[in-house]
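Scrolling down, you'll hit the structures one after another.
Below are two complexes that have chain A in common, paired first with chain B and then with chain C.
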Partner chain A sequence: MNIWAYIIRRLLYVIPVLLGVCLIIFVLFNLVSPDPTLIMLGKHASVSQMEDLRRELGLDRPWFLQYLDVVKSAFTFDFGRSWSTKQEIIEMIKAGAIPSLTLSIPAFVISTFLSISISLFVAFFRGTILDRTIVFLCVTMMSISSLAYILFGQWFFAFKLGLFEISGYEFGFPYFIPYVILPVLIWVMLGIGPDVRFYRTIILDEIYQDYVRTARAKGLSENKIMFKHVLKNAMIPIITYVIIQIPFLILGALLLETFFSIPGLGGIVLSAINSSDFPVVKAMTILISVAYIIFSVLTDVMYTLVDPRVRLK
Partner chain B sequence: MSETKTQKSKSLWQHAFSELTRDKLAMLCLTVVIVYAISAIASALGFIGADWAKEVGPSYAPPSGDHIFGLDIFGRSVFDKMVKGTEVAMSIGLVTALISMVIGVTLGATAGYFGGKIDEFIVWFYTTFTSIPYIMLLVAITFILGKGLVAIYLALGLTSWVGLCRLIRGEVIRHKDREYVHAAAAIGGGDFRKLFLHILPNVLHIVIINFSLQFQTAIKAEVILSFLGLGVQGRPSWGTMIDDAKLELARGVWWQLAAATLAMWIVVLSLNILGDALRDALDPKLKGK
Partner chain C sequence: MKKIKIFQTLIIGLLLATVVSCTKKTASNESVLNLAVSSKVKGMDPIYSNDRYSSNEVARVYEGLLEYHYLKRPYTLKPNLADGMPTVSADGLTYTFQIKKGVMFHDDAAFTNGKGRELVAEDFVYSIKRLADPKLQGLGYWLLDGKIIGLDEWRAKYAELPKADYTDEVAGLKATGKYTLQFKLKKSFPQFLYSLAMPFTFAVAKEVVEKYGEEFLNHPVGTGPFLLPRFEQSNKITYTKNKAFREKKYPCDGSPELKAQGYMADCGKILPLTDKIVVNIIVESQPRWLNFQKGKVEYISVPKDNFEAAIPDAKNLDPKFVEKGVRLSVTPSLDVTYTAYNHDKKLFNNVKLRQAMSLAYNVEESNKLFYNNTAMPAQSVVPPGIAGHIPNYKNPYRGSGTPANIEAAKKLLAEAGYPNGEGLPEISYDCPSSTTSRQTGEFFKKQMAQIGIKINVITNPWPELQKKITNRNVDLYGIAWGADYPDAENFLQLLYGPNRSPGANGSGYNNPEFNKLFASSATMQDSPERTALYEKMYRIAAEEMPWIYGVHRQSYTVVNGWLKNYMSTDFEAGQGSYLRIDLDQKKKLLEKF
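And now, the complex of A and B:
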């Protein structure tokens, strides 16, 4: 297939997926979820009160109009107002995004860099005691509940030893740093187990390819094989894996943000969940889904341009 | 030479079995999982941990000879709660893994085998599904189903089938034009027979590996649900125990967190190692590596 035809087809596929995402969100929140007016007004609301509120929220209109609203909001990012705080949702999201990103970007960069380095190191020593020990350590680390890491880390390093801020946040460049160090460290600890294992598998998959045997046969050094041939080929799946995680960084870390009182999107989502604030939960879901769809198209297109084998499929 | 010819070659399953039984670590992990499963059944039948709700001493009594994991806020034995929690954890792991297995295999096999419009529809469906962040989907489903164990089963089960579905679809596509499937068609086997009696046994190893991984993922996810206030109520679970610890640690009460984390860590680690051992034993592509 022509490369541009493939790319255009891939781009057009965004439309049905986006409509599908909106459909699932619409079905979950508008059709089958419990009546929101009941949640907002409590059990003793009169029927007329409920009807008024339904009209006010636009829930009395035909279902396809409500579905269209969801689709429209995915393009315009106009999500309306929060039910509980009455603020414009997009403004809430803009305000929450910055603290979230100050936590998630450094954490993501550090943990990705560290995991790839460790996995390269481990793959180099594949099959030895060192390799097995590190893999075992990874599995051990990822078997501990993430909540336990957060609770223990905060209690031990911040509360007991007083090395870091226990919780809180300050806006502005150097000021936020003391507040995010510990959450970043915990994030790295949480991610390193599964990531190292994943990257190691990718690299090992490459090491057992025929071209590596050929490279060895013509007498290349192990270093040259590793960094010039294996790493180059392994980079494609690694980059895909890295890029596809980026959309979820907007959400920050729901748990970390809550425990360390970072006023980010995670906290906004959590309080929206607790107060059944559907529009906010819907808005965040749509936003991350749209970002995910865009990023997955980008990786696919990039794949096509970089790796000629993909086009054959 | 003639001797080896008459000797029946080992099937994949025989080979995997002998490989697994030789792996001491995997056998140890299997034993651990079995012990947990027996504890869960014994606790469900009321043989152990039945007295978890009884007040046996002062609030927050630290670990001692009588109560190795101390007491909780109501003076209940943390050890008994931990034992009782096995029931919730193991049932969540089992039911969730079963739900995701049934959905994943059915959709994946249907898409892969029939192809065409059906395949396009199923691929569209899971592509759409994966575009929505997992935690939001989980929350939305628990919103609808309310609280309780059944809601947790369904929420975790309904959100975790995509990986398996994708794998099974790919494998079925690879298998459906193989000679043995054509042979089955030649002797009059219908679609149903070909798919379930001939192709599925050949992709069963993927299902088994996935099952053990899904099992432990679900046990870990229960903690997150408890934290979100969507967890089990009225009975102890490791998730609610860990969640309780957020108010206890500042007062120096670490034993409830320790007990639940330890209990969960041992079984999740065992399932992880077992899953890896199963993959090594069952995945022919990895043979000899």
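And now, the complex of A and C:
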């Protein structure tokens, strides 16, 4: 089947998925979420002011008209303004995405590269004391709360040793660099434990396959077996795991962003949820859903590239 | 192997070089006030400044008719953009202000030739109509709701129409001359003047609002001491000094105790006293604390987790901070924490039950556990520092965990009809979902168990708790109230029957005697008679125990030695222009950091 036809067909799935996403967030917001007017007006809310505000926000209109608005914004990407900050949402997202990405992309690239390398290394020495030690270390690292890494890292490396900025962010290259080094390092530390264990399992699954025995019987070197054969065959689950994380990179890392005062999207989403700021929550959910679909299509396409046996249907 | 080492060294060296070279530097002779705030700022439109963070930022750029005297306690209003205090008609209903002449708006492209024009009385008429504009839904309309003749009607009229017409006159809000502004009130409301010191009513220019439309909130153009060309929601806001600011001087009069503390050293100096203000938004307490310890911010409120390290005996700063020139500023906050009963539930109409629960609650212990013993146990609803609070009054139903208290509580509970809690259903206690609130809930549960009352602690996200309170879907809930203005009315209204939820009286307490006293005091000017009424209500609120009172908190702020004129206050708006950085001292002290 033509790859383009496949891509177009998959992308058309965006339509029903988005309709469903709109319905879910609309229902959740209207049934579960507290009255936004109460939160916006705060401690001085009165019945008449709440009614006025509901009218201005359009919350007194029939529900299907409100749902249509959600659908409309999902397809036009015109999300309007935040109820809480009155800022234009698309501008808020643009402004928040840059700091989030300057933190998440380097962290993601470094941690993926490091984790795959370490897992190949431990798989190579599988069953030895080295393998066990590294797995033990990974489990230990996973067992420590992420908050502990952040609190300790900030206190020790930034405050005690003065190697990095304690918190803050400057827009523009290269000014942001000093502010993101420490959070990136912490992110990498946080990711290595689970990632190494995951990749190691995948690689070990491959190592015991028949074709590896055949390769060994042919007299190929261990290096060649690992890098040429095992890694290539392990790529499918790895690609799935890696690519599907990409859409979420835009959200940054909430805890890291708040502790290091990085004005990213994580913080924007959190404060929107806390203030029942429906338009912002809606915009972010829709954008992430669209990105998720696009990247899952990309994953499928990548499969065909790394493994010619895979055919798109 | 050697190659790898060289490579490693190179990478580390490069990283460090980047860190050092990329940090933006500021000129060392520039007087920069570095502040740290713990919450995001929404925008710079005065009508939406309903939290202290937004209102503090708005007040750096915008100004109002009145302001609090910087050096007078109790808090006293003084003219700011008004040229003198208003003349008030004999019936207390008409307030006439003269506006200062020659006050200029900041330069902006919205004005002819980009030059800021002079402020006139009509600007206040426009700004206050904006607050009332139903299309804009300003968050401070509660201030004026039901107060100014014709304003509610104006608001109601345009709620139904697509757009509000600002040329449509409001009888009670008029510019009677270029510099004369007149307010006519529906009924006497002595707290009205406080509204004019709140950022909600600060002056904006019509041209700027019209030019930027919905983006106005990102283009602050006021008459204030600092300039911010464009607001961006970020982690940092940088203001520069308004060089064209009118001649406003640091006060030479004030309360004797502040004079004795050296707050008048800058008497007569032209404001603002700094070239720049950098507001850093640092939500978490650890980075705020670490930045303070590095001398990167001038002052912060001591985070709870660092309290013992900073103030080991709960009174004095640790010597290691004193050596660095850090000082401690302790100020009572105008607030009260409390556990409210839902008075809609018949169960809580039983005064003896309420008194018993209050007696069983050990407020001293809760002060130790949750406030490092720094707060003051509340005896009733009004905090100290404002008229209406009765100093040294001891609430007979306040418990401190003594066996006598518990015995008395048990006795009251039996009199209420529930000996040892028998016959009482399990009572739910709703609180916000923060760790401290949950701990407070568990503590409350333990206290009530002493007299046989079963409590079920329910934690809620903040919006959910608000919803439950409004829908009367709670038994008990833990909450706090901070003053909007320094008048006991602002606290007493929390127990005024007609203010029931979704108004400020979330507990739904409704006592005809209290309501009558409140209604009488509401129209009285500040006077011994009004204070007497306030005190009567204070006593009723103490004896009736409509809530279980918690504490009045105190703010503990650590201040770096080079920052001059700082004192913590409940009304920070406008404070930035009075603060000064002693650059020489900063240089010397920073060597010790």
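Quick note on the criterion: the second predicted complex is superposed on the first by the 278 of 313 C-alpha atoms of A that agree within 3 Å, B and C clash if a C-alpha of one lies under 4 Å from a C-alpha of the other, contacts with A are read in each partner's own complex, and residues count from 1 in each chain.
Operating definition for what follows: contacts are C-beta pairs under 8 Å (C-beta built on N, C-alpha and C of every residue); 3 or more make two chains touch, one makes a residue touch a chain.
On a predicted model such as this, the values are computed, not experimentally measured, just so you know.
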item	value
Three-chain arrangement built on chain A, chain B and chain C clash or fit	clash
Partner chain(s) touched by A:Leu151 [first = chain B, second = chain C, both, neither]	both
Chain B versus chain C as contact partner of A:Val281, first or second or both or neither	first
Between chain B and chain C, more extensive residue contact with chain A	C
First, second, both or neither for A:Val139, with chain B first and chain C second	first
Which of chain B and chain C A:Leu163 touches, first, second, both or neither	second
Partner chain in contact with A:His44 - chain B first, chain C second, else both or neither	second
Contacts of A:Pro34 with chain B and chain C, given as first, second, both or neither	both
Which of chain B and chain C A:Phe259 touches, first, second, both or neither	both
Chain B versus chain C as contact partner of A:Glu56, first or second or both or neither	second
236-244, 434-442, 506-514 or 560-568: stretch of chain C that collides with chain B	434-442
On chain A, the residue positions that both chain B and chain C contact, one per complex	33-34, 151, 154-155, 159, 259, 274, 276
Chain B-facing residues of chain A, complex	16-17, 20-21, 23-25, 28-29, 32-34, 139-140, 142-148, 151-152, 154-155, 159, 204, 208, 248, 251, 254-255, 259, 269-270, 273-274, 276, 281, 284-285, 288-289, 292-293, 296
Complex contacts: residues of chain C adjacent to chain A	15-16, 18-19, 21-24, 40, 42-43, 45, 48, 50-51, 134-135, 137, 139, 141-142, 145, 159, 214-215, 217-218, 232-236, 280-284, 286-287, 290-291, 293-294, 296, 461-464, 466-467, 470, 481, 502-504
Chain C partner contacts - residues on chain A that touch it in the complex	33-35, 38-47, 49-50, 52-53, 55-56, 81, 84-88, 92, 95, 151, 154-155, 158-159, 163-171, 174-178, 181, 258-263, 267, 271, 274-276
Residue ranges of chain B in contact with chain A within the complex	124-125, 127-133, 135-137, 139-141, 143-144, 146, 216, 220, 223-224, 227-229, 238, 242-243, 245-246, 249-250, 254, 257, 261, 264-265, 268-269, 272-273, 276, 289
